Amino acid sequence: MDLFGTAGIRGDVDSHVTPELALAVGGAVADAIADDALAAEGTLTPEIVVARDGRVTGPALADAIAAGAAAGGARIRRAGMLPTPALAFASRGRYGIAVTASHNPPHDNGIKLFRDGVEFDRDAEDAVGTRVADGVGSADWDRWTDPESVAVLAEYREAVAAYARQFGAPLDGLRIAVDCGNGMASLATPAVLADLGAEVVTLNGNVDGHFPGRGSKPTPETLSDLRAFVADANQGVEDPGRPDVDGGFAFGIGHDGDADRIVIVDADGAIVHEDTVLAILAERYTRTSEAADPVVVTTPNASGRIDERVREAGGRVERVRLGALHEGIAAVREAAERTAADREATDRDEIDDTEVAFAAEPWKHTHTRFGGWIDGVCSAAVLARLVAAEGLDALRAPVTERPYRKVNVDCPDERKASTMSRLETALPEAFPEADVSTAHGVRLEFPDASWVLVRPSGTEPYVRLYAESDDVDALVAEARSVVRTAVESV
Amino acid sequence: MDLFGTAGIRGDVDSHVTPELALAVGGAVADAIADDALAAEGTLTPEIVVARDGRVTGPALADAIAAGAAAGGARIRRAGMLPTPALAFASRGRYGIAVTASHNPPHDNGIKLFRDGVEFDRDAEDAVGTRVADGVGSADWDRWTDPESVAVLAEYREAVAAYARQFGAPLDGLRIAVDCGNGMASLATPAVLADLGAEVVTLNGNVDGHFPGRGSKPTPETLSDLRAFVADANQGVEDPGRPDVDGGFAFGIGHDGDADRIVIVDADGAIVHEDTVLAILAERYTRTSEAADPVVVTTPNASGRIDERVREAGGRVERVRLGALHEGIAAVREAAERTAADREATDRDEIDDTEVAFAAEPWKHTHTRFGGWIDGVCSAAVLARLVAAEGLDALRAPVTERPYRKVNVDCPDERKASTMSRLETALPEAFPEADVSTAHGVRLEFPDASWVLVRPSGTEPYVRLYAESDDVDALVAEARSVVRTAVESV
Amino acid sequence: MDLFGTAGIRGDVDSHVTPELALAVGGAVADAIADDALAAEGTLTPEIVVARDGRVTGPALADAIAAGAAAGGARIRRAGMLPTPALAFASRGRYGIAVTASHNPPHDNGIKLFRDGVEFDRDAEDAVGTRVADGVGSADWDRWTDPESVAVLAEYREAVAAYARQFGAPLDGLRIAVDCGNGMASLATPAVLADLGAEVVTLNGNVDGHFPGRGSKPTPETLSDLRAFVADANQGVEDPGRPDVDGGFAFGIGHDGDADRIVIVDADGAIVHEDTVLAILAERYTRTSEAADPVVVTTPNASGRIDERVREAGGRVERVRLGALHEGIAAVREAAERTAADREATDRDEIDDTEVAFAAEPWKHTHTRFGGWIDGVCSAAVLARLVAAEGLDALRAPVTERPYRKVNVDCPDERKASTMSRLETALPEAFPEADVSTAHGVRLEFPDASWVLVRPSGTEPYVRLYAESDDVDALVAEARSVVRTAVESV
Amino acid sequence: MDLFGTAGIRGDVDSHVTPELALAVGGAVADAIADDALAAEGTLTPEIVVARDGRVTGPALADAIAAGAAAGGARIRRAGMLPTPALAFASRGRYGIAVTASHNPPHDNGIKLFRDGVEFDRDAEDAVGTRVADGVGSADWDRWTDPESVAVLAEYREAVAAYARQFGAPLDGLRIAVDCGNGMASLATPAVLADLGAEVVTLNGNVDGHFPGRGSKPTPETLSDLRAFVADANQGVEDPGRPDVDGGFAFGIGHDGDADRIVIVDADGAIVHEDTVLAILAERYTRTSEAADPVVVTTPNASGRIDERVREAGGRVERVRLGALHEGIAAVREAAERTAADREATDRDEIDDTEVAFAAEPWKHTHTRFGGWIDGVCSAAVLARLVAAEGLDALRAPVTERPYRKVNVDCPDERKASTMSRLETALPEAFPEADVSTAHGVRLEFPDASWVLVRPSGTEPYVRLYAESDDVDALVAEARSVVRTAVESV
């Protein structure tokens, strides 16, 4: 089995993410550092910050990682419990290992690797994966190190607050309900919002690796307590959450176990669609870009409403496979550098400088001006400042939320490749008015911002079809017919 | 000004509980230990455990105390953030200093002193107060110590859970809402209840010394979020909080900043009267006593319903001044020892052995079989087990809640003493059917469990009159008339 | 290969004592505790104190052990760097794991297991060894623990000093030179001696896992700096080391890397024979025993001078195989209990109560009244008090040091068993005046305190012959002849 | 009394450097930071690193400082025990407070303040002194901070070793004896030298705040153990300390309690004169300067042999009052900047750029290219590399050591000012061939490198006369006569 899935190393601590594996990964990272196999551009300190989320199995796994890495000769700084974005923040200029399974159930855990604030790309993962598979012994005895501790949290919280103050307006007592889900957000989001001036009431703000309050994954169901709490508090309150009004909450925030994800609940207790939250941030970041060519990176499953708002703000959208925002950011930047180099070579005058203004998949936002990692705490802070300035309703107003549908079409595994190949021509032929992208499945975008995405499932005998349109039923029917034909004809 | 008020050393960090005072108190305690001025019966380790609650000013004050005490020659163990009852637990066999202002506002802080698990009595407070007033230099340089750290929390939580398992029934998924008030309960109550099998949802479970979620004092107003949360969740649920039922909470728990106080909220979101909670526990502890003479210690302002339940269970009630439960416990035990000695001397056969089965003032419970300190976490655990066994309604049913009234009668400070002296005869004369106690003001108990307490206010020009009775208006009118006559006639 | 050698788990960190092995041992110990497979008499807290000596590879190995044991469900207390005897001290009432290779070279490390202050016996080692061999998975995820830290050193040092004050006289400025060998003794012996009143000058008192100052094993060669330092300082000083005299040292002390061993250097810089040191302590402990039957446990290679001094003091000596003092102590105690039970059964009046007054092999002393572990720091403290009272020369005077010889006789491995079997009769026949013991090889003791021990080598094609006698050449010649005959005749 | 003496804040912990004073100083520094009263050029992080040396009273004083500074609103990083130069290193970019009394006796302690790696100058000391005198309250409660810990030692040791590698040659097993004096050097010098390849044997390398091994001040007397140890080890060894030779030490090193001072002992056990050590380093630093105008800063009491070597190497010497090297460095740099500005203004071509290549007073060296603090560990490392390259004898050879004399001339306090004023003309008149400096007393330098310094004593009724010359008796006689005349004629 491949060590790194789409979510990094993650799984049951009994059978997959064992202390033995953690020891091996720690050793492999140290060995790869010693071999310069992870060398990013520029020079990094050969030091690894190790942190964990609040899971019960975190301390032992973090000890095992530290043991492996210290025996591998890398300098170790133990940072205790941290939100994953805070560990990423601390990994700038060096390396970071987070022991976290994000929103997985409590019996799972995982290992996420960072280099200079950014998750390992595939090459770096391969460098580690190969070493884990082959086994690397320890370093020579006199290169073993003695791990030291480091305090990260205060500096991270201050940095997030300072960053967010560039946007929106002071919170001035704005009331916000935050469901920390017994996870790492407890250590950051309430304190950051309070630092920005909010009055925060938390649900499940005690760290507990059993996630007793609700599941660690924030969904409409697991957030039912938060939704009811906000809705009930706001009953009969005219402009809830304003500090000069008695009671009520301007909005609610839900996080996952390690605080990279964020869900927004409106004053009625309804969940704001994740693509809408993404579109709001994407538009703001595009608008505030000083670059001639602001780019928002997102994933194929993200709604066309993002493209609408980004274009409206004068930017463009690039899509990258799920779980690979960091690679998308790097790709856009590299392309921009190549273009700049080309233009310089051809002596053309105008050079549109490019900025990756924002990168996000649904629920997971990389605030590229703050850092190259997914950061739900930062999202909470920035959104709170925007809500304080404009109100949540006003932020949502320009975002068109069209009906959405997700459909499976039967397709045996062995026919998937040829089906997708056939669809690359069949779908454009069937929908000639659409723009076509075949980078991650086949994605069609229509002039009215409708879109269709067709992808093979990675695990089941289906081809999946996603569509969003004012007339989604018609669009799905037509696209499904094309897909079925393709499946049968191969 | 007297260093120790009824709440120990407590006040504003700017003018009263300053780092300089903390340094001096640390030094005074160490000096008193070195002088054997605090010697309890038996020998204590000359070691001080120092902890703090989550207040912003706690770390600096705890450092100052440690500095003073270490320069005074006492061994120091730093325990970081702890609920006050956990610090008391850790002080068994040694000394403890808690930096806490309990439920005071966030700009206050305070210092609470413990000896072998029990708050300092007045003699011990005097030994410290005198030294602070006189100033004590440091110990000889080579007796200064180097503070070490100690981990207390896990052991305390296990001990509470183990103790509570003696009562009631397993929680088996019982759903409980806990409002930790951003205080120290966050570190203990949810984890202990979860360990006992509950499903816990917390409000304000993130530790924050600004107490952003609500005031640090649990009152009907500050608990409004909790009350609404429980009430709303239980709407339409038949037997809320049962694990086999969808949603709802069996009851709610509110704590103060350092987790010595507890407030219970019922399934309708109403606060259960503090005297009723006290009566429920008092009855259980009396009933489970193996002693022939079980005693419950409480304070003069506590309701007669406690006496009713304790008598029903075969015990008796003793009252002690507010804030002095630990002294009341000691007094009852000493009296029992004297009686036993007398009887032995007179060779009488029957000796009714005495147990202080419970000691409590409203909201503050000392579980004497667990330890000699006030412990809201322990209350939460024991009450949860009782609710799991019998249901909250059934627990409340036998407790009669009579109407209660509190009234001020004008009385210049200079007349207070003579007024109270006159009332010691006037009130018994006016209410000949009542039992009279003049230990802490004048308290009358009537055969139907009605009662009246008259006390001079310590800070304002009033005599205060408390009454509880089925016909409370008539009782108050009559007693007030006697009090007024007394005030005027002196 | 057997996991546990005579020195416990010990070897090169590259090939034998790897982080993987440490992880597995930690898990195995936790699993054995959970299975009650290590249950000593009485109940132990299921908690493991983990410490390490100052070796470079210690931190990583200790992390790995903690990871394994925490994932195995045992409570962990990390104690940082400690002398092995201090870890043993801290393991009383619970379990202890020391990461140490004692006097081995710096590229080695090892793992020593303790239970209630005593090294694991063979049954307990087997319980761990089997689990390491078979592999034990981790505990269920919700039983994993979070290691806490604990401070041991101050308490240990105070306990040693308090214990030593029972013997000899106050040090009153006695000057002592201590060569800590860059090991753990640095953290204890100088401070304990200073606490007892000595003026201590240290060599190699900085902890350094490379053992730069000298090898970690104290030998005449590695102690040459210490010996020269003491001898030179004492040149021309009449009564060196006395506080009222200018300069010089009363004696010198050398320790190994983890402070279980001790070597004594006299005022002339000569090493005091290890058996003489042992005899001095054995005599004192025997003399101060309040038991009717004081016993000293030692090993077969230890000199007859010990027996002389112990008998002189009214006690007896029992021998046990090398590296198994703890088992010898247990055996003597069990035998005494059986005897006592027998006598009670037969209703005899007089019962000679037995005390293991001391247990030691050369350089390694178990002060049984202090605790059941080998403790070089305690030896330093007790010996210093004895020297202060009587002077080192006076302590040595009654001990007769006879010439000693160690000889190898060729003997193929396959003949060893029958040779030894034959010698069990041949040697007694050849030396009819000797007392014979065949428990650990064949040992003959003569009326004039001469002795011979014949044992097969465990690793080489020899039978080894040890002898000590005023006329050692004659004794060796005669015994060797008997041995050769036995080898040839089988 | 002035808070800051020439040695900063230093004195008895009973009467002067009390916990109360430490609390006040911590508060004053934090207040001064908050008021921008310490603002250096550029912006510093408002964060204070607090460390202590190994004195018994250090932990309590450091706690008190942390308490005061945290209550004053400054961010605190506790660094535990550190050599003072390591604390200075850690204070770069921020502030630092060292709890140390350097070489004072154990019942003393002190407080040294650093800003961006440099000791506070008089303005900064005044900003603190005024606040301590006036009393500053704590900051508003919500600005109090929570001190965090930080690990400094490993990074410091690596930095020193990396810096030293620029000089001399690899140590390759060079044998060095280091007497750490039970102080902070134990934590750094042996490890740094070992890292550079030396074989180090330490005396008094165990940290002990009682300084049991010798006084904390390294003098010929307190270093007698070290001197004898080196001399004895080298007896009969031809080229001692060379790794290919059996035994012996190339040289010895002695430090004071906090490792800012260094004393060098040669292979014969003799102390190398402090001015000679200074001259060796000064010459090397001057020679390796890339500036056109290399400057060495030293103090008036330092020998002319320094000037000789520096001039020989192409540089110049500037003198500054004792205890104020950091101010001298700043003054030279400011002067150079002014000169550069002038020259730019006058459009002259040649600008001799100036470098403070080294700054030192006897025993105390500021390696200006490494950092602006006095650093005995760095001296040890650089000197060891120089010795490895050239041998100690070769380093000393070019330094001429002339006879030295120090004489007191009676002079009542009230006549000191006028006497010194008169000597400013009388001495130059008497010695017309000398260069004269009147910046710190009257200092005459003669063409043959002889010199005389005349200064009033700060504490006694003397004028002091220092002289160094091949014919020192004659020079002293003549100068004394001039001084006496001046005293009598006023």
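The first chain written gets the first letter, and so on, giving A, B, C and D; residue counts start at 1 in each chain.
As a convention for this text, contacts are C-beta pairs under 8 Å (C-beta built on N, C-alpha and C of every residue); 3 or more make two chains touch, one makes a residue touch a chain.
From a predicted model like this one, the values you see are computed outputs, not experimental measurements.
Across A-D and C-D, the chain pair carrying more C-beta contacts is C-D.
Taking the mean of C-alpha positions as each chain's centre, the chain lying farthest from the centre of subunit B is D. Taking each chain's centre as the average of its CA atoms, subunit B and subunit D sit 58 Å apart.
Note on chain placement: the centre of subunit A and the centre of subunit D lie 54 Å apart, centres being C-alpha means.
Distance from the subunit C centre to the subunit D centre is 47 Å, each centre being the mean of its Cα atoms. Each of residues 146, 210 in subunit B touches at least two other chains. By the touch criterion stated above, subunit A contacts subunit C in their complex at residues 13-14, 18-20, 22-23, 27, 56-61, 63-64, 66-68, 70-71, 106-107, 137-138, 140-142, 144-147, 210.
Those residues of subunit B that touch subunit A in the shared complex are 180, 182, 186-187, 190-191, 194, 198-206, 208, 210, 212-214, 224-225, 228-229, 232-233, 247. By the touch criterion stated above, subunit B contacts subunit C in their complex at residues 75, 77, 146, 148-151, 154.
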